[in-house]
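Here come two complexes built around subunit A, the first alongside subunit B, the second alongside subunit C.
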Partner chain A sequence: MSNINSNTDVNHSNPLLEVRSLKKYFKVGRRQFLKAVDGITFHIYQGETFGLVGESGCGKSTTGRAIARLYSLTGGEILYDGMDISKFKGKAATRYAFDVQMVFQDPYASLDPRMTVESIVAEGMKIHRMYNSEQTRAKVYELLEKVGLNKEHAARFPHEFSGGQRQRIGIARALAVNPKFLVCDEPVSALDVSIQAQIINLLRDLQREFNLTYLFIAHDLSLVKYLSDRIGVMYLGSLLEVAPAEELYKNPLHPYTRALLSAIPVPDPAEESERTRILLQGDVQSPINTPEQCKFYSRCKYAEARCRERIPPLVETTEGHWIACALNKELNTDAYAI
Partner chain B sequence: MADFTPIPKNIEESNRSVRVFVSYGKDAWNRLKKNKVAVASLVFIIFVILFGFAGSVFFPNYTKQNLLNTFAPPGSPGAPLGTDELGRDLLSRLVRGTKISISIGLTVATINIIIGSVYGGIAGYFGGAADMIMMRIVDIVISIPEMIILILLLTIISKGMPTLILALCLTGWTGTARLVRGQVLQLREQEYILSARVLGAGKFFIILRHLLPNAIDPIIVRFAMSIPGVIFAEAFLSYIGLGVSIPDASWGNLAQVGSNQFPNYLWLFFMPATLFSLTMLAFNLLGDGLRDALDPKQRW
Partner chain C sequence: MGDHMLEIKDLRVSFHTYAGEVQALGGINFTVGQSEILAVVGESGCGKSVTAQSILRLHNKDTIDYKQGEILYKGRDLLALSEKEMQKIRGREISMIFQDPMTSLNPTLTIGKQITEAILKHSDKEGNSTNQREANKQAAGLIRSVGIANPDLRLKQYPHELSGGMRQRIMIAIAMSCSPEILIADEPTTALDVTVQAQILDLMKALQIKSGASIVIITHNMGVVANIAQKVIIMYGGVVVEKGTSGDIFYRPKHPYTWGLLKSIFRLNKDKNEPLIPIDGIPPDLLAPPKGCPFAPRCDYAMKVCREQMPREYSFGSAHTCDCWLSDENCPLEVKDWRNGDVKYKQ
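So, the complex of A and B:
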């Protein structure tokens, strides 16, 4: 398996997290369900960065939040270290909270405006009574330095910081309980491009230093490519393709992934004007009561009758490259070339 | 290049920020202190409270009649603010009236805020069917005209302080309930609450550490703003003879007694009416000042 972005020692024999046919429906009316996540399966190895991309409303954040135990599941299961996380109670739940933390999207809403940076970062340590107050303070200062702030910032309130600094505080808060796994829910999409790079590099450095495993949720494809070892592409609650980052960008198989990747602008203007983009027709359909068929059916140019038979499962076509498409291996043939 | 001098070695030291730690409450207090109107109102309110409570120690004879000295003008010996039609000292009665009115105002406002906060907090935090049923009950309570409930209760049950407090509490909590429910509903989905949940915080911790501190500002403002409303309702009921009844005193029945003698013995009306009006004004201005001081977006 090609692994150009490997930052850490990825242990491929040991999936840290396994998501099995995860479903999360929200009730939005009488017999109306919003199928935010509709049966997705993937796993994340110890030490790797798994990127989850897709348009707004495709269920990426719901997946992240389900992994962080913020939602009860409609169906399926999430295994952490081989154990079902929905069964965690008491001590096991606490241990899971130590191991799995989350960095949120909106740096303005994710920090309590009434708390100082010090109490925000110390929150996890206080909830679990990890240290006495002196040790806590020392640890807070250490974390602030780690994420590129300094201890003078500890006494300030969140509104005194810029978006990037706030995101650093959010990262420090998540790291305070020494997690192994970080769910990064679009951690940079609210930031300026120049600041994005800083935060991304910070996340990479931290990953090396603490041997962290990331689930990186984003809609910026070039960003995900830069950071991820493997990437999953979501569309309307389904996972359509999972592949190593390099493989996915070189050889996208699923019609949706191809369209998605062709939307990435090329920096060279000459090349940009030459290339052909795949333009999808129509809009994303409503996620409410979606039928049991391929979610991409209504916009796919290769759509056939067999696409409507069921939601196609993820199938491994070449090693490490999984797609969920009824056409499956035929996509590799010349008839379906881009 | 001699114009430039090298930066001192301890650059770390010179760059260090000198900001001292200021807690949230202290900071709000500092901002309130800058607002002169609010401070003046606060001082006045404290003065009125002292007048009512400490004053009752010095002027306890608010029921003592002296028919030989009726309608004494202000400045008379033994009656610095004059006497009423039964020769009772107006200053003593004003002290007593202040004590009663302020007590009722504070008690009822406190009870209403507590009931409203707990009720609205439960509805907002748990949401769903519980929220739906609880808020429909609030709608029903609000839709019944307040004065009808008050007057009915006060005529059916005995007149007097306990009934008055009960009657004012029965309808007064609904506004707070709606306010707090809205606050909690909005705060519940904030990402910092989610973050606390991911960190493993329990319900109790979240309510105490996040929901309460973030919802407390409008509650405090509402508390300050609701006191004059309660005092006014009490005064109105006493004025029409349903609240505190003579020989006991409250701002309402003092004004009523005074208005009977209007315009012959003006001080009997203007003394309680002025004190009453100024206190109302002070509470409202303080409420405004608190709202400004507690708004986190106005920091620095």
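So, the complex of A and C:
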């Protein structure tokens, strides 16, 4: 595979993280459950970037937060290096808290406005008593330079920075504890295009330098495709398709992925005027007490009786290309060609 | 030039704040033709919303200062109208859709109530008396026209019971309920998913074709621009740096900021090995805008003159203009290929 990550070694025999039948329900009423994540399975190899895309509210952040151990699970398990993360205690829990860091969407809300940049970046190192104060300061300066800021910025407060600069501070904070795995939850969605590219380049460089593994969450498929080795497409708590980035773009199989790809406007007027869109019928369903059937049922033009029998499991149709659709391999036939 | 629906002439707008004078618009010019779709593009804080809100004079009188210029709507200067005259224009002749439909819909009233109110208010002004029953019927029709099924149920619901996409479609329905001459849409799809975004864009195009309205759409998504716009203006740091047809901007761009914008966007068909080329640095502080070209601190081509003097507007063909010293015939630099940054000195 030729891709931007060719400098990092993706170890395909060794999944760093395995998510198995993960469920996270939120109780929202007496007998009402919001099924934010409803039984998803995927794995992420050491050194790779796994992109997670999908509409607002489909459960991407909930998945990321579950991986960061911010939630107790309703069902399923998450394995890190083969070990169940819910069983981590004491040293193992601390180790995991070092290894797995999050970078958030909103660079404004995720930084404490009363703390200086230095104390924000140093916080993790201090909590975990990693270095003495001199070493800590040196490390902060080093990190600030790594993310394109400098030591003059250390004494300043978050409000004195632009959105892109604040996101750099957030990344420096995440890197401070020498993590192995970054959950990047929409790290550039709040930024301007020209600034987005700065941050994406930074994340790519850091990945190479530190051999990091990324779960990259975003709703912008063009961006996710550019950055990821493999991509998972979510819809209403289900993972509907997983494939290598190029493959997903060239040969989307799931009816939802096809509609999604056809809906993304391309920045070229001539191409745009010639494209045909797959328009979706109906509206996004409520995630509350969703029935045990394909989540895309209400909007799918191929919907039929077997789609309601159960939530279709994710199955491999061709090597590395997985879909969760009752029609399964038939989608690859002429009858269902786009 | 009599066929312009809207003509903005040398508009300068400032806000007086505790921190000082924010020079939000530094003298902008553009026109919108009859049933034309114009896209306004630019980074956060460059003045897109201020431009849109100035047209409808939505700002608080105490802070805003219209320092100079005219906003001509069918030849009449909106800045010279009284508040009462302005009210007749708002919503009826020029409608606006805001980025966040939640803030512009009243959370305590049903959707039906809000739409029928708009209908009744306008029929009053027109002098026809529509009764509640007819208004309800019209409201259901409007909701259906923006692609929402089950209109009778939806009319009884409150804004929070609808998805973001549905709320935005309702806003469009309300905005279109009085067939405005101009529809101004400030980032109407930014908060929405791409599948819903595609529906909204189709809807706006259909309305433009059907009712002949002119549309001004503010966005920072170049894909949306390519999809819907006939003309485009590119803003940077409170000024218009380039404008032209959609083809001019995408295929024959002249301004270094437009080049940077086109180089830094993610494309689905982009090769991963092709590096992303960001624009380094950050946008100017409008409390103290630079003396010369606002893009000079981030521009790869900036010359001495750029930092000292604001470039004038240079024309290329009928509608295409660019405010950049590179366009001057005396400019010593020649940009051979902006994609590769290939620059030469003219001998």
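Things to note:
Throughout what follows, the second predicted complex is superposed on the first by the 331 of 338 C-alpha atoms of A that agree within 3 Å, B and C clash if a C-alpha of one lies under 4 Å from a C-alpha of the other, contacts with A are read in each partner's own complex, and residues count from 1 in each chain.
One rule holds for everything that comes next: a residue touches a chain if its C-beta (ideal position, glycine included) is under 8 Å from a C-beta of that chain, and two chains touch if they have at least 3 such contacts.
Since this is a predicted model, take the numbers as computed values, not measurements.
Shared-chain residue A:Ser133: touches no atom of subunit B or subunit C.
Look at A:Thr318: by the touch rule set out above, it reaches neither subunit B nor subunit C. Using the contact criterion defined above for the overlaid structures, shared-chain residue A:Ala68 touches subunit B, although it does not reach subunit C. Judged by the touch definition given at the top, the superposed model places A:Tyr226 against subunit C, while subunit B stays out of reach.
In the superposition on chain A, A:Ser162 makes contact with subunit C only, while subunit B stays out of contact range.
In the overlay built on the shared chain, the residue A:Asn289 is in contact with neither subunit B nor subunit C. Legend: residue contacts after superposition of the two complexes on their common chain; A:Tyr249 is shown touching subunit C, with no touch to subunit B.
Those residues of subunit A that touch subunit B in the shared complex are 65, 68-70, 93-94, 97-98, 100-102, 104-106, 109-116, 120, 123-124, 127-128, 152, 155-157, 159-160, 170, 173-174, 177.
Every residue of subunit B that touches subunit A in the complex is listed here, in rising order: 16-17, 19-22, 24, 190-192, 194-201, 205, 209-210, 213-214, 296-297, 299-300.
Contact residues of subunit A toward subunit C in the complex are 2-4, 55-56, 162-165, 192-198, 200-201, 219-223, 225-226, 245, 249, 259-261, 263-269, 271-272, 277, 279-280, 282-284. Within the complex formed with subunit A, the subunit C residues making contact are 43-44, 148-149, 163-166, 191-195, 197-199, 201-202, 220-227, 229, 246-247, 250, 260-262, 264-270, 272-273, 275-280, 282-283.
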